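Chain nomenclature is as follows: A, B, C and D, assigned in order of appearance, with residue numbering initiated at 1 for each chain independently.
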């Protein structure tokens, strides 16, 4: 790479910038692993100059063939079938947990104990108890910790938060969120790990609901109490061997939330909504206006301002893609939209910035404290559904 | 009118058709009175040939000047300031109650006792108890009775019911409805009768919520149990004399409903949603598809069919305006949309048809039994909100 | 009607108000006749107090049975099979021409000569020549004259005009309009009068295109020159007796227009657009903002303001239904939408106001001068399509 | 990178796969350069296994500082300020021209003569003449050639083409496209190269219009004749030194197109449309249905099928994001949308596949023949606008 042919020679094009290289060890190579790897690779040339250049040091996974293939595909230098071994690797400075819910607590705690910074997929754990252990471990180890609630990093969502912080909305009356998908709304759909409480903790609640619980906390504030219901529409499904197995998680939940600041609203998630591909929608109604968001059209935001010009008041559809919008200076000219995967680029940049510049992960990203509080709320939803009465939120 | 000038003479153009004339006595001349009068006048030439020709026999109201003006404006033959006197009028065969909530029970019962058919604005009463008395009175008198839940008469809503009846949706999983308005979301808004429980019974619940409780029963079926919350954001408002008065009704409510057929969902109403003009939206997710409706675009309906052609599946926006759509043969060619007021034309035609042809008011209109059951559910919402626990629905 | 039963007696409830009664003689009882009759009947109690009370004096039509039926249905006092006889009737003060295109010139001219005010369906005539004769006749007779370009009376359209008049949009760059329908996009569709030039003058151009030519003149101004193309996709169709007949009108046209004020744009109409029910859409791009309109959602308007607050700029969807919006004080509370038929109520109220108060019909309604200029432009479109070159507009 | 720490060692993680490495030399580092570099970097791990692994061999650009920075940022091995020197580099097998319009012809021809495969930004040249020279050069050199009309690689656009190829739409009646932006709609906007004909060739026509001319040819077929108009609203602008310069390109154009297969329609582009960020919309109306597309919501597609179930017919909004949709197997689960940049990943994968597998670039990508024909049409638009009459298209 060092020979000169033309006018200029790039001494070390791989390094990209003067930013420090930070070694990342990732657990998992499935859907989330792919999203994380892509983000790590895009980060240094799109968020430019980057706070750090992630070095794809190692990847770990159960299947030797698959983890090897993933390493070749994404360019990880090493591949492990034992995540414990990967945590011993001195080239790994950041542990990136893209594994399933039941593989969060033990590796995250071990990583903290090994002095690695930890970024973990959501929900942080299967219940508040294991989340608390994780939170305590990272606090004790004094490492950086982040939960990958990536929807905080949608430009439109950050814009809403900025509007709220600037007092543009005033007192919030309502937060109404529903995360709806369709993929198990058929009796033919088989038993999978996401339908077993031992692996997933809960169903639609942990998978989808935890996202909107996080957005509620990020945008509105802390809940005070809630009433909730869960439902399992199809109670048995066939496993890979054709045997009927009990579904012991929720297919859907609905919750009524009262917030400490006086706002009230609903949260709902379901995987039984035909036509809803990845429909994470919410609306805020407040003293000075309203905002609406829909993940399937994530580059858009709808806002209503009470003080808008009278004759032409209404909901304005903002195409969030101007250079002055959150994160957009890194991307393209206006109207050239970005995709779902870009939220991961933003959240990894945020995490590396926290590591390099020693800034706080919260409030714009969720840290393990947020992950724990999220789990307390999810647990309270299950408790209210069981007891059929209001439950107060206590952290 | 009987002289001949040209080729033809209309002997009695006023009669329109051979349909019987039926005398109507209406109580109220405000917003609802205007909507009802308009419907009664349009009915005989738009729903043609009409089941009956409503004869605007009389109108009653508190203010002599206003009721006189209303009679002149709409063409009522007589005007009364005492509704009791109007009920003695033998030319009144139908009593049309377009008055406020606290003027439903007594006049409706008196009308039934006087042998008049009764069509009453919604909610039928301020609570289940007074609704039950009304229901018993009309049953005993053997008169026709209907509650003016006009949204059952939106063509798109009837179309949804028809699809459900035809088995096109299959098992219903979710019904998610929110009726949102904005008009009292300001501390400056004054005290009005709709904010006093003695007049209105409840707040957003009775005014808006009763509509979606009715749609839930019409489209999904009977509720089994519910959990609910109410909120009053602004607790005192200035009356006409500038004195602060306590708001003792709900500004908003949220409810989680479980239906007898296994469906689950949410109902919500609020008048604290800036930008939401008259936003009555609902969505049904079912085994074979989903449907969505929004009153502000009431000529439209969105449907998703699971068995639609794979490559181009999605939500289809139906412009409900074809001659084969419910009620549309009476109106205009496709795409020439109708308005909110037309729902009243449909519901009055339905009621007169029931009178003339001795057909049943239910299930396509709400009768007083429906009005009573609606009130039971609304009362349960208030009870659950008070007691902060699940309440079972018992009629 | 004069006997007293209750407290009050309405001496003459039919009169409604102190407004003068004006006798109307209408020609035609089909689609447009229905729309006009409905508007005449709604006018006096909805546009209240009305400028005049239209008295349904007479209706004329070719078929005795149908015209008799229409008179009974709508309450016209007399029915004629000869429109000439109706024009002799002294009770007819206004001639309302709701007939087909080839029945405009002769009756409209005769009505003017008989001293009747004339309101005529659009397009005013089949070509500029016969429009000019009509315009000259009404000028000479000094009667009021209006062409029923009803889309000027959509509240959103009037609002746009008001915004333009107030300088809110500034210099107009573009006007882009397309009126698309689907109803003849099939070889099976039969030969009808609208597909014959001797009856209709032109095809999509006169039927749909004349509407957007009118909106262009109302909102942008006078055209300077144009280039256009017409197309007939299906050149022969079966008539009622199964015989193939030549279609000698356009199925679609496209035109590029240059306006005297420097704006440029396109006009297009077609009846070959599957799924487009009654899709009359236009967009204006101007110095200070843009507006968009779609007739199928006629209660809505989209606006973009260049000086809107930077972070949340975008197209605002206005639900044009507030009491301060054009015409809305006569209707319902916000969000309770109106329909296509209501535009006719507005335009008749405007015409009667012009008669009673001796105000000008233009600019907010089209008069016969506008009808003539419209035809000049439509003729120029046909000429450009024939000659395949630019044609200048000269009135 | 070769030392073993854990269970597995990645011998050559950089290579990713067994696919051949192909050296790319890119000209340009601005907007397009960024988009191309990103695509080249994403290709090998997202389009997996990739047809080839692009090796970022070299980048060329005028400014030494900027080209050096770009090489560091994206990881190009070498940087050149002289593109001629880069074309001498044997490690460059593919010449990727991401430069401005006036830097297409000479480098592209030189690259072909040097035996490099050439992928060039659009429009291919400033006029048909220079495009023809480029086409002849690549033909003669027998290298692969592609013009980067990236919108052919939007999944929804490819899906439309597939539907057409499968006969699902039948005979096409209309193609109606408008590419609208807002960025120069202000007198304050300065003189830039895109407003000078010597650099850009034309204005909105070449920049935006060439995209929709390409889509028209890809989806409908070859044009037969056209009529067109161009407009320059603001005729002088200030250059960087504050001196007024003449704008000698079009700010907007409108064209009426007749296709050889009998379809007709309009094409339009403008940069004077406030609120239109990057609004490339089109609609096809055909015998069996219609389709609509909007680039600002590029993951969506609207379709209407004439043979859809009668009661719920309408435009279906397809969220094009299922694994069976074009290109989607490479990305994410349904509803997790992609962005504008991803079209470049698809088009580069297509080009490398053509190189490696010796497949044809056309018809799914545009080759230089398409680039030439595109320029013939654009030239005809300018000619028709000058001569104010219809111009026939002859290649």
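Note that in this section a contact is a pair of C-beta atoms (placed from the backbone, for glycine too) under 8 Å apart; a residue touches a chain by one contact, two chains touch by 3 or more.
Remember, it's a predicted structure, so these values are computed and weren't measured experimentally.
The chain pair A-B and the chain pair B-C differ in C-beta contact count, and the higher one is B-C. Most remote from chain B, judged by the distance between CA-atom centroids, is D.
Work out the mean CA point of chain B and of chain D, and you get 55 Å between them.
One inter-chain figure worth recording: chain A and chain B are separated by 44 Å, centre to centre, where each centre is the mean of the chain's CA atoms. Separation between the centroids of chain B and chain C, computed from CA atoms only, is 33 Å. Listed for chain A are residues 276, 313-315, 319, each touching two or more other chains.
Contact residues of chain A toward chain B in the complex are 173-174, 176, 178, 180, 185, 227-229, 231, 233, 252, 254-256, 258, 262, 264-266, 268, 270, 272-276, 283, 285-290, 304, 306, 313-315, 388-390. Interface residues of chain A, counted against chain C in their complex, comprise 159, 162-163, 301, 303, 305, 308-319, 322, 324-325.
Residues 1, 4-10, 13-17, 31, 35, 37-38, 41-42, 45-46, 48, 56, 58, 64, 67-68, 71-82, 85-86, 88-89, 91, 181, 183, 276-279, 295-300, 319, 321, 332-342 of chain D are the ones touching chain A in the complex.
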